[in-house]
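Okay, structure first, notes after.
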Amino acid sequence: MKLSARNILKGTVKQLVTGAVNTEVTLEIAPGIEITSIITRASAEQLGLAEGKEAYAVIKSSNVMMAMD
Amino acid sequence: MKLSARNILKGTVKQLVTGAVNTEVTLEIAPGIEITSIITRASAEQLGLAEGKEAYAVIKSSNVMMAMD
Amino acid sequence: MKLSARNILKGTVKQLVTGAVNTEVTLEIAPGIEITSIITRASAEQLGLAEGKEAYAVIKSSNVMMAMD
Amino acid sequence: MKLSARNILKGTVKQLVTGAVNTEVTLEIAPGIEITSIITRASAEQLGLAEGKEAYAVIKSSNVMMAMD
Amino acid sequence: MKLSARNILKGTVKQLVTGAVNTEVTLEIAPGIEITSIITRASAEQLGLAEGKEAYAVIKSSNVMMAMD
Amino acid sequence: MKLSARNILKGTVKQLVTGAVNTEVTLEIAPGIEITSIITRASAEQLGLAEGKEAYAVIKSSNVMMAMD
């Protein structure tokens, strides 16, 4: 499936924190660069996410803000 | 200002595409890894974004989806 | 690619409205039920979206609000 | 109240999963077509959401991505 | 229609900026406190938004970040 | 850090509700006007949010819907 999302970043799952409804996923996309994602626990289980596995962070560009020093 | 956003990624502005209301920003956060952001044109001008400048992509973790092959 | 998004709705592209930065896509997912999406113009072109083509609307469940009468 | 959201989809609540902070709502909007929503538990209680009740999924079009096979 | 969105802020439309696809709306919700919204141009026209009219900003709480000095 | 977000609203933290993964924050931005935010519990702890402290709600304008009576 091809996605309209401009931001599809490949990485390795570093950590999973599981709650009643949501799971927090930490993905390392480059040495020292991590992305954190909150998805439903049901999604995390259906995807089969686990520490050490390869996965992608997918972000719609309208959800990316910019900042400057 | 300290932000609750878990994802604050530093990079260099590669390209700006400007419309009537919105601007599309491409930020290189590591060699070959780019993030695209859509912000209002007014924000882009107020921030002073320009090609070659350093900037940050800021993403709320609830706006990050996960995918697997 | 398997996605964490819980909402992946198949339909037929009914209309495309193109701006300088964004494109508005109308997708019919069932008779009389339409979903409208705003994506970047670059994404719409890369996907090859066109009226009459099959496509999917993908929505993260944290971006769905509920309402009642 | 009239909303700017382009996507207001009527359906029947099929399932509620309740956590400490959030509730996951599954809404059937057409036979076999379901939408999943994550809202705060407080919102779910204030709305009076319950299985079998009619409700609406409300989605801002900038939060809808597109995909193609 | 009752909404799950926790943030429904009443105000007066101060300014509209219209593009090909999107419209930027500035709403004054208290003296000196403004909220800016980007909605589709079609939505702005269907709602009948105009400077001086009363309207509401509606924000899902999962889309609100926090910051501290 | 300067942000592209158009909506940065100063207020006082009124209430924190903490779950396994997320925290719900209620911020009073003017007398009788409150904003509710859902952020990760880890973010709430790193920011040091506590009842009575000053904080900001930060909202990307593309995440603000409009409504009219």
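Points to keep in mind about this one:
By written order: A, B, C, D, E and F. Residues from 1 in each chain.
One rule holds for everything that comes next: contacts are C-beta pairs under 8 Å (C-beta built on N, C-alpha and C of every residue); 3 or more make two chains touch, one makes a residue touch a chain.
Everything numeric in this text was worked out from a predicted model, so none of it was measured.
By residue number, the contact pairs of D-F overlap by more than half with those of exactly one pair in A-C, A-D or D-E, and this pair is A-D. Each of B-E and C-D has its own count of C-beta contacts, and the greater count is at C-D.
Farthest chain from chain A, judged by C-alpha centroids: E. Put simply, the C-alpha centre of chain C and that of chain F have 29 angstrom between them. Chain F has its Cα centroid 23 Å from the Cα centroid of chain A. Note on chain placement: the centre of chain B and the centre of chain F lie 21 Å apart, centres being C-alpha means. Shown for chain A are the residues in touch with two or more other chains, namely 1-6, 19-22, 24, 36-40, 42-44, 47, 56, 58, 60-63, 65-69. Contact residues of chain B toward chain C in the complex are 17-24, 36, 38, 62-63, 65-69. Looking at the complex, you find that chain E touches chain D at residues 1-6, 37-40, 42-44, 46-47, 56, 58, 60-62. Considering their complex, residues 5-9, 24-25, 27, 29-30, 33, 35-39, 43-44, 47-49, 53-69 of chain A touch chain B. Touching chain A in their complex are the following residues of chain F: 1-5, 19-22, 40, 42, 60, 62-63.
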